[in-house]
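Consider the two complexes below, in which chain A is the common component and chain B and chain C are the respective partners.
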Partner chain A sequence: MTHIVETTTSGRDDVPAPIPPPAPRPAAPSRPEADPAGAAPGGITLAGVVKRYGTHLALDVPRLDIPAGSFTVVVGPSGCGKSTGLRVVAGLERPDEGQVLLGGVDVTGLEPGQRGVALVFQDFALYPHMTVERNIDFGLRLAARHDRRSGPSRAEISTRVAEVCAMLGLSDLRRRLPRQLSGGERQRVGLARAIVRRPAVLLLDEPLSSLDAQLRQRARAELVRLHRELGNTAVLVTHDQLEALSMGTNLVVMNHGRVVQTGPPEAVYRYPADTFVATFLGSPPMNLHAVAPTGDGRVLAGQGLAARLPGTPPPEPVLLGWRPADGVVCAPPDATAGDDADVTAGGNGDPEAPAEPGALLRGVADVVEFTGDGTVVTCVGPEGGQWAVSIRGGDHVPAVGDVLWVRVPAARVHLFDADGGRRLGPRTGEPGADDADRGISKR
Partner chain B sequence: MTQLSQVAGGRGVSHAPPSGRLRDRARPWLYLAPVIVALLVWVYGPLVFTGVLSFMDWNLTAPHPSWVGTDNYTLLTDDPRFGEAVRNTLVYAAAMLPFATLVPMALAVALWKRPGRVSNVYRTLLFLPVVLAPVATAVVWQFLLDPLSGLVNVALGWFGLDPRNWLGDPSSALYVIVLITALKVVALNTLLFGAALATLDRGLLEAAALDGATEWDITRHLVLPHLRRALVLLGLLSLVVTWPWIFSNVAVLTQGGPDGSTDNVYYRMFLYAFAFFDAGTASAAAVVITAGLAVVLGLGLLLTGRRQRVVT
Partner chain C sequence: MSSPSRTDARPAPALVAPTLVAPTQLAPAPVPARRGTGRRIARTVAHHAFLLAAVAVMVLPVLWALAVSFKTPGGVFDENPLPWPATLDNYRVATQDFPVWRLLLNTTVMAAGATLLQLLFAVPGAYALARFPPRGHRAVEALIVVTLLVPPQSLIIPLFLMVTELGWRNTYPGLILPQLVGTGLAVMLLRDHIRAVPATVLGAAVLDGARPGEALRMVVLPLLRPALGAVSILLFITSWNEYLWPSLIAPGMEDTTIQPGLAFFLTQEGSAYGPLLAGSMLATLPVVAAYLLASRRVTDAFMHSGLR
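Right after this comes the complex of A and B.
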């Protein structure tokens, strides 16, 4: 899969500038054919797209390529512009600036119906007075009526509708009205209506959010299977980080109208570009600690935390992050160990720098939550800072009030800029930093 | 009064078996009583009284009406002016129907498709005539339509058209009455169609746009089907509710003339009762009108009800 390299994290520091720093930008938007990802049929490219509602900047995407044939999940908190982006691609909103390219063709000025895209709405938006069958073939019948020569014939319409109904298990419901269907059935009708026109691009606007939890799990799997069968480009918008990580082959994380990071879900999860991505994806979210270099500068220390990392640590204070599942509860280290021991860090019982690379934390168990597969323990640091650690099922579960020591391998430690929260350098957590420790796959 | 206080007191001890049962059964009727009494006194009583009166001869002043059997009905059927009034009434209804249905529906759809401040202002202006007093507007129209100095003829003169006596010409008077009444009907029904449209999910329009529907496709396949029930209802309702407005315009502007051309069954009934003081014949006319309306409305509801069932 073509990896999207060009993200817009840079936009954060130079908000007033309409165009982000020019350095690594690919070909000018006027010559989109040069871009391989956007030129394939079904590929989507947003070039310099800006959408404002009044003074509120809803969407600002200097460049985003969605590879053809991918299952791309766009994720972000509510109001981050993800739905606006989807509507811009669908043609339901006109961008104030910039271009939308589908398969390398500029469709910015085209009507929604002429773009070869289909959209599954959050509330399904089924035509209430039409039967399931009429809902599904509405677009095809219109196409036949508008263009009698090259439009689909009546026989073709009925075979295609039958095909789609069989694919989605709607064959027995064809004569029903939407109000006679359950939520899951309605969702399938909405899907059927979208895919019966064989769109090159299938857009899904939080299609699972109005289903109940059990149904959602099944519908997730169904959508993934459907995409495999259709082979077109699917873009799903969601605010659910679990959907984001589990469903797509390509992930786009958005915040405040901007694209923060793109890439395969696993890469985004393991190497978050900034603290927003780090804390938004994953449950419980990544722990973040303010740390500063101490001693000879090779040790980072914060409240109830000390870390020794390979390579040279940054000279100024940074944010240190680790995922709750990456922490391992360990025995308290006895007395001062290691040659680089710095006693100033251990003033009020703070851990001292561990001998081997990694981070060492000390906290008091405050909340213990049983999650089925394991336990999440929320701990309080010596001066009130909170962090969580996941304990796998079967391991010893601490009681509330117990003192906990947690060790995090160096390869699982993330460092972020203390000001902007951006990921720091090709360091910890990067590919190749500690290959032996990369056993985990997707969570 | 004692009964009321008993019931109010009985609420707390409704478990007390023997007399409580009766009280429980009486309570709903007690709550319904004010409305039932009002309906009996003001609606059903007069209805029965009118029915009875239609078989009597009474000049509204004589102490004792006398029983005349079906004489009043024969008088109606023999009166050529009543026959003409019936024919005119049908013309009124037919001419008014598009102003009660198609015109306001088109306006409401147009206003709904382009929501915004302009459309709100326009809607308000459109609705203004409805809240004006009927007789006052009729008098204003009398000035406007004055054959010599009325603004209508003056304005037509600017376009080189000859002045006409709009209300004095038997060929135009009825349609002028229909048009000026239609202003109110259109305004009211635009509002009602607008209310019906407010329940149409705008998300459907986006879905249709993605299905490749044109503006007309959306109107034809989504908006109009959504308005079908409102269309039938307002069409039938216009047969009933527009008559007070027509009546006030006729009474002020033409008094049924010229030559009976704007006469209708409602105005004729009024004449029987309060010009000729013939309560019996007026009552017979009322019974005929009510029966006619009942048949038309019944047929209308039956037809639309059946179509509804076929669709579902």
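Right after this comes the complex of A and C.
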């Protein structure tokens, strides 16, 4: 876990400065021509890669660099091109345009077997007629056949297979056939078969999705540990946003065949490039409200919501977002104004402009979901808009029908373009206020 | 067709159309017990009676032939279904006065040769069509299907002339090679089976560095074994039962195969039905044995391919 822990802690120490505010389209021009990360052995670069199926544009990546040695997670909804991208890197698919560079070398025309890339398939794709051992050493035996001089010797093959089996706890299963194995064991065989060839790049195509929930948690940790031991570049494709945030050191979010945002998971989570990323990552997803400037132009107001933000707010209507976990349930702003029921019924439905920076919302608790660590309350705004707020364990849990006031610190408020949904400004809150109020927590 | 008004809904035809609703589907319905049970029994009985009749239609002629092959010459035409008095004379005549072993050998060589050669061409062809479909592969596949639709008789004369030109009359090549005209069937059957091999497994082989030929030999063929078994049996039986071609191209008593060879028992001086049927039984045995050995695979393979 060192990788993860390292980045998390370093991210935590110097949050204000070094996490670069990601540009909305991180792909293109700011990158220099020869990217040092992409050129190192194990680094992956996609340059102008386009893949079409008929008229459907499956993949369109002007530029993507995956740093050598990283554990990169590619995430997106199904059909977003992430698996196609992986297959293009592996060489199972030829791109219609563009180049694939591995360690700075153009491998676009190379056969999959010659790229130094291994792939773990979603269904593991074990050879059903071969024992575990044969499955694992198949690639090595082929290498020995193809090149008797520099290929691995028989002794070397058996040491390497034994090594990998020991590493993945398969030593007792070597004579079994795939059909005699459980799902978790098959997954480990698939993994063993991939890493026994010591690939510079290990590709994983949703390797956890066919495991049951219990196993998945363990397998996730095992994969992270394995990556640390191997030290190669790992690229994992998933549609599970929890896997995406928790496993990788580098995150690539895709949608409609395009890369939407890249960066360390924490940076992507905290500064989503657009409303797609904002709502795709995180559970429950980020709340979005249509707001417009009012009064002196310092306050953004929407249904059941008002926000005072530092700096100059945008002059036109925008989308205001906040994560359910960033909201804090608070007392009504003006306690003397009367009891809650009165406020609900009252004609003045909207909260008034909060005196201090931040957003203030009012809603009626509609659904209360207990999640173990806390509670998620889905609220309905005055005119039907829905939003959710997470309440941590121990705090007071409202009942259905209660009126809730929630305030969101200015640093945790996100603004997005009303049309394209692109993030406005690198961040909305003033730097520094970030860590002071609640500490950084992903969940 | 569920529970309550069940008995009213379907009145009389229970005995006529027994199959559509399986008896088990009716089982959970609790009442009315006695009538329901009686109906169900009647239905099952009718069902089995129908199947037995169908089996009888197919099997009785074979059994009758088997019986006649043990009868004395005088008893061939009597109506007694049992061969009594029984004799092995027919088999003695068939095997001693007649080159039945020679003919069986010829037939075996021909059928095995035709089967192997067809597989030799069909496997790579099917693999290529399934895994590396060339541009316009649909047209290629349509052409292959067309070769299956051409009646074999229409090819007899050109093939006969070609084989004669080559001087292959009364030879194994003359018997075997023209049968490769039917390879299309094997190609199409095997193509479907190769397509059924998961793409990820083949992708894994490619990533492991397997060249196309190695992927075929080490991954596809082992997974294709059941299908190969089924297709070989099919090809073998078809070739074994070939009558017209061997009778034209290799008509000699020692050179022909068993099917036309049996006709030698029907001479102008009279027809030796007993020995003829004894020879037929001997000709059938290898095929039956081959089928029984692989019947499970044959049915499996056809179930999977959805053909026939």
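Criterion: the second predicted complex is superposed on the first by the 383 of 443 C-alpha atoms of A that agree within 3 Å, B and C clash if a C-alpha of one lies under 4 Å from a C-alpha of the other, contacts with A are read in each partner's own complex, and residues count from 1 in each chain.
Everything below uses one rule, namely that contacts are C-beta pairs under 8 Å (C-beta built on N, C-alpha and C of every residue); 3 or more make two chains touch, one makes a residue touch a chain.
This one's a predicted model, so the numbers in the text were calculated from it and none came from an experiment.
Steric overlap between chain B and chain C is present once the structures are superposed on chain A. Of the two partner chains placed around the shared chain by superposition, chain B is the only one that A:L177 touches, whereas chain C remains out of contact. In the superposed model, A:W405 makes contact with neither chain B nor chain C.
In the superposition on chain A, contact of A:E111 is made with both chain B and chain C.
With both structures placed on the common chain, the touch criterion links A:Y271 to neither chain B nor chain C. Touch criterion met: A:A143 reaches chain B and chain C at once.
Residues common to the contacts of chain A with chain B and with chain C across the two structures: 90-92, 111-114, 117-119, 121, 123, 125-129, 138-139, 142-143, 146, 193, 197.
Only residues 198, 200-201, 203-210, 214, 218-219, 222-223 of chain C touch chain A when the two sit together in their complex. Residues 90-92, 111-114, 117-119, 121, 123, 125-129, 138-139, 142-143, 146, 177, 193, 197 of chain A touch chain B in their complex. Those residues of chain B that touch chain A in the complex are listed here as 201, 203-204, 206-214, 217, 221-222, 225-226, 311-312. For chain A in complex with chain C, the touching residues are 87, 90-92, 111-114, 117-119, 121-123, 125-129, 138-139, 142-143, 145-146, 193, 197.
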